[in-house]
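Here is the structure we will look at.
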Amino acid sequence: MSLAVTSTSRGRHYEALPVAIFLVLALAPLAAAFGAETYLLGLFTRVMIYGIAALALDFICGYGGLVSFGHAAFVGIGAYTAGIFSAHGITDMAITLPVALLVSALFAWLTGTVCLRTKSVYFIMITLAFGQMIYFVAGSLSPYGGDDGMTLKLRSTLFGFPVLQNDRALYYAVLVFLLASYLLCRAIVASRFGRVFRGARDNPTRMATIGYDVFRYQRVAYVIAGCLGGLSGFLLANATEFVSPSFMSWQRSGELIIMVLFGGIGTLHGAIVGAAAFLLLEDMLGGITENWKLIFGPMLVLIVLFARGGLLGLTQSLWERLRRG
Amino acid sequence: MAEPVPNPVLRIENLRKSFGGLVVTDGVSLDINAGELHAVIGPNGAGKTTLINQISGTLEPSSGAIYLNGDDITALPPNRRAERGLARSFQITSVLPRFSALENVALAVQARSGSSYQFIGRADRESALNDAAMQALTEVSLDSRADILAAHLSHGEKRALELAIALAMQPKLLLLDEPMAGTGPKESERLIVVLQRLKGRFAMMLVEHDMNAVFALADRISVLTYGRILASGAPAAVRADPAVMTAYLGEELE
Amino acid sequence: MSLTLLIVQTLNGLQFGVLLFLIAAGLTLVFGVMDFINLAHGVQYMLGAYLAVMFYALTGNFLIALVLALAAALLLGLLLEFTVFRHLYDRDHLEQVIATFGIILFLNQGVKVVWGAAPLSLPIPDMFAGTIVLSPGILYPIWRLMIIGAGLAVALILYLLVSRTRVGMLVRAGATHARIVSALGIDIRRLFMIVFGFGTMLAAFAGVMIAPILSVEPGMGDSVLILAFVVIVIGGIGSMRGAFIAALLIGLVDTLGRSFSIDILRLIMPPSPARTVGPAIASMLIYVLMALVLYFRPAGLFPAKGR
Amino acid sequence: MLRVDNLAASYGPAQVLFDISFSVNDGEVVTLIGRNGMGKTTTIFTLMGLLPATGGAATFDGLSLAGLPPYSIAQAGIGLVPEGRQIFPTLSVEENLIATSASRFGKAQWTLNRVYDFFPSLAARKSNMGNELSGGEQQMLAIGRALMTNPKLLILDEATEGLAPMIRTEIWNCLTKLKQEGQAILVVDKHLNSLMKIADNHVVIEKGRVVWTGTSVALAADATVKQRYLQV
């Protein structure tokens, strides 16, 4: 586990980073550029939405050692729940959001029961396969657009009020959800439960011999991560007003892992930075050439080969090198 | 020393384990009574660790039965055995490297006190957990190193930490798999003193190569060779047993 | 659900199965020997198809195109091994996944740039065009039979290679004790290059063989790759026999499930919901199968590792 | 033949070998002895290139082993019988012998038939899988497997561990025979009495350092060495 950063050994001044991240996100729409360009507002909304999914993935991957390659499935489930309800004229998120979370949790519980019986590379491949399963199931839902997906008639409402209709309102709603998810994950990591979950990554045999049923703890964590994935999908459907199987393709799952890796695994706030880095980079490279993947692909290879610990790790080591002179 | 009691803490009946064609545990039966320290010695590869793994539940026996306080635990997973009061240390140090010494022990305390399905509230600030953990660390003289990451402890300290983890579980039976392995003479002596202090509080099974430790601590000794018990009895009797002399001690002690 | 259709679909399933086996074989060998998870294995299959199309356009001869495509795919594969993969063997699986994912992005896009995004096709060689009468009333395309035959032949050759040759022994030995193999004088990296090159050629071969009946397009390797993962997970990673059996199983279950799910559901529900639910269930079948196998045997049907 | 000078090695941040020096000459049997965890197996690992040396030097027949990968070291003529035997479980006995066999220095001394003559019990089980053998048979197979590489130097790491006395005797007899044929051998083991009968020189290791080197006669005479470093 060369990538994982110790959770306890990080310095105090890194507390400043998450605060800064959320301050920037809170103030960004006030900046002039955002006033004129709804495009940037939309981009940052997406950053935060993917930030939630990446956060969830970092939670199980960075703290539990569970490398899931099917996390986009939960994003898809959340999005499709919103979409299918909307197709039947139900948009009130007092109903739709709990259902989206519940369906995600159920899927996580069922697949987790199988996946978590296996280890390492088996786990990667099986989560990948289950993700693909959901992808194909969504593609075969012909009443809901099949492979083409479908447009949402209306963004979610709350008790009948169209609270998310305004882009800026949506932005701040997403920010609140992101902040809540972040704080929740942080709390869990430090809690009794989180300590058991982290211990299970370090040494499952030891954890079993002091009396913990490792599998059950991991499954609960997997369900939590699944719910957050579902939340992210639910918000994504609202932001794009569109759902499609492509939300849960295996490339999406890969991209979520890349976001986590970009930000530096096992930090939580790093996942948000990673999501921002990934989406902004995609946007930027995409602006230069439509074949941006020709640049991006090799870049990934180079990052793996040369920059261990992600962007935060990289800046951290550069910073330390500078300070040492 | 220990009186024969009708209901031993641990009873193993005719345990067998084979890997492919290799029989590693070949019909082992033994008892450990309350408060007794029962040492299991034997040359490397005699199947001592395999035996401990079967008792603690990380390895499934091919046949035979294991009873803890009279209950059949042969089919229980390790965590359920731990809940019933079975604790162990490992031959190759097995701690959580990215947790502090205190946290390593606190996790064991946590397993015994209340639910671990608590998702909020910082576990590292729960004084009930920390105090009990600190007490266990003190018992193995590791209290001054409580905040050091386990990965950064010296080898001897890690062995002591394993012991503290086991203590924090408030065990009825403690399995010690070569606690002295790889420790220097001074550290060994310190560990012997610690173990002497703990003796009598719970039943212990000690697997060890260090004969100084074995003869200083054991109430009873069983000699394991080729997966079978060659001799079992009081230390003096075992030491005098000619079969043991040739098969094990004779060779090793010259 | 006629008997004719059942026979034809069973053959289709078999054909799909051997195709999956060709891809899974390389994947399982590479993973077995080097503990290396190579997502980019699927693009080798795609490259095989594209290279065959290209060489066919140049030469007009299918056989020559096949040989050239295999050689070129091998070269490309070895180039990748040399420049990227060999630096990843000692890394953890997560890093291997990301780096090989990067290669997929690059090659999928690269193919688009070189050959365009539109699907290409490769004609069936004249000799094998048309259909054959299997029994009165049952026609079956010759080329699909060719694929089944070629796949089974490759499986046999692989079986002989793995069970009878020294390289095969070393591959099996390396799957459990790579360090010892190395300490006994075998250059395990070179052994791996051989295995890797061979796996690459098998995937490319699958791509060439399927090109005449599927459209050749960017990303065609991706979904096949994931099915190949399902195959090796069910079969037990590192096990050739497991890969073979699992591949045929998956091929049959998937193909038959897709053809008959609606019919079967109509026995228990009205036609209209059956038409909706059928495809969804069919697309889940193989994953449910995987879940069942792993629930009872977490290391697959024929675990190669362990004691 | 083999010369080791001031070899040092570490597992991660922990240095385990500090100063290991000894040599093995043609036809000689040398032992590495010492208590558990003193660095004997680590010395073998480092020699074979399985663990990088952090200091010192090792030369074999004039060839520097520094930085060479394990297979090159083996190809130079060192045959390893690893600790724990490490038989290939999914290969038959015969395949275990053939898979890594080689003759790099002229005509092969060791052939399949000769190994079977040497270990008749292997011949009887040649089509059994590696994991179907008993401990003693596995040990013979591990030795046979190393001999099939026709090494100049044979290294045995804890070859009698966990074996019954009769089988242990058989292994010692076979080493004696090999010695008579002029095979150079480096042995890591604990059974002093048996070792003293066949070995020319002994190297005592304590906490990653060589603390004593000498002949069997000298070792027999030196009670303090035995007491200080070898007794359990």
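In this document, chain identifiers A, B, C and D correspond to the written order of the chains, with residue numbering beginning at 1 in each.
By our rule, a contact is a pair of C-beta atoms (placed from the backbone, for glycine too) under 8 Å apart; a residue touches a chain by one contact, two chains touch by 3 or more.
Remember, predicted model here, so these are calculated numbers, not experimental data.
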Minimum number of chain-to-chain contact steps, chain B to chain C: 2
Selected interface, A-B versus C-D, where C-beta contact pairs are more numerous: A-B
Most distant chain from chain B by Cα centroid: C
Chain centre separation in whole Å, for chain B relative to chain A (CA means): 43
For chain B paired with chain D, centre-to-centre distance based on mean C-alpha positions, whole Å: 32
Set of chain D residues in contact with two or more other chains: 89, 131
Residue numbers of chain A (touch at least two other chains): none
Junction residues of chain C, two or more chains touched: 307
Arrangement of touching chains [line / ring / star / complete / other]: ring
Full enumeration of touching chain pairs: A-B, A-C, B-D, C-D
Footprint of chain C on chain D - complex, ascending: 48-50, 69-71, 73-75, 79-80, 82, 86, 88-91, 95-96, 98-100, 102, 131, 145-146, 149
Chain C residues touching chain A - in the complex, by the definition given at the top: 31, 35, 37, 84, 87-88, 91-95, 97-99, 101-110, 112-113, 222-223, 226, 229-230, 232-233, 237, 276, 279-280, 282-284, 287, 290-291, 294-295, 298-299
Chain B to chain D touching residues, read off their complex: 19-23, 43-47, 155, 181-182, 184, 209-211, 225-226, 246-247, 251-254
Partner chain B, residues of chain D touching it in the complex: 14, 36-37, 89, 128-129, 131-135, 137-138, 158, 161-165, 190-193, 207, 226, 231-232
Complex interface listing, chain A residues touching chain B: 6-9, 187-188, 190-196, 198-199, 202-203, 205-214, 217, 220
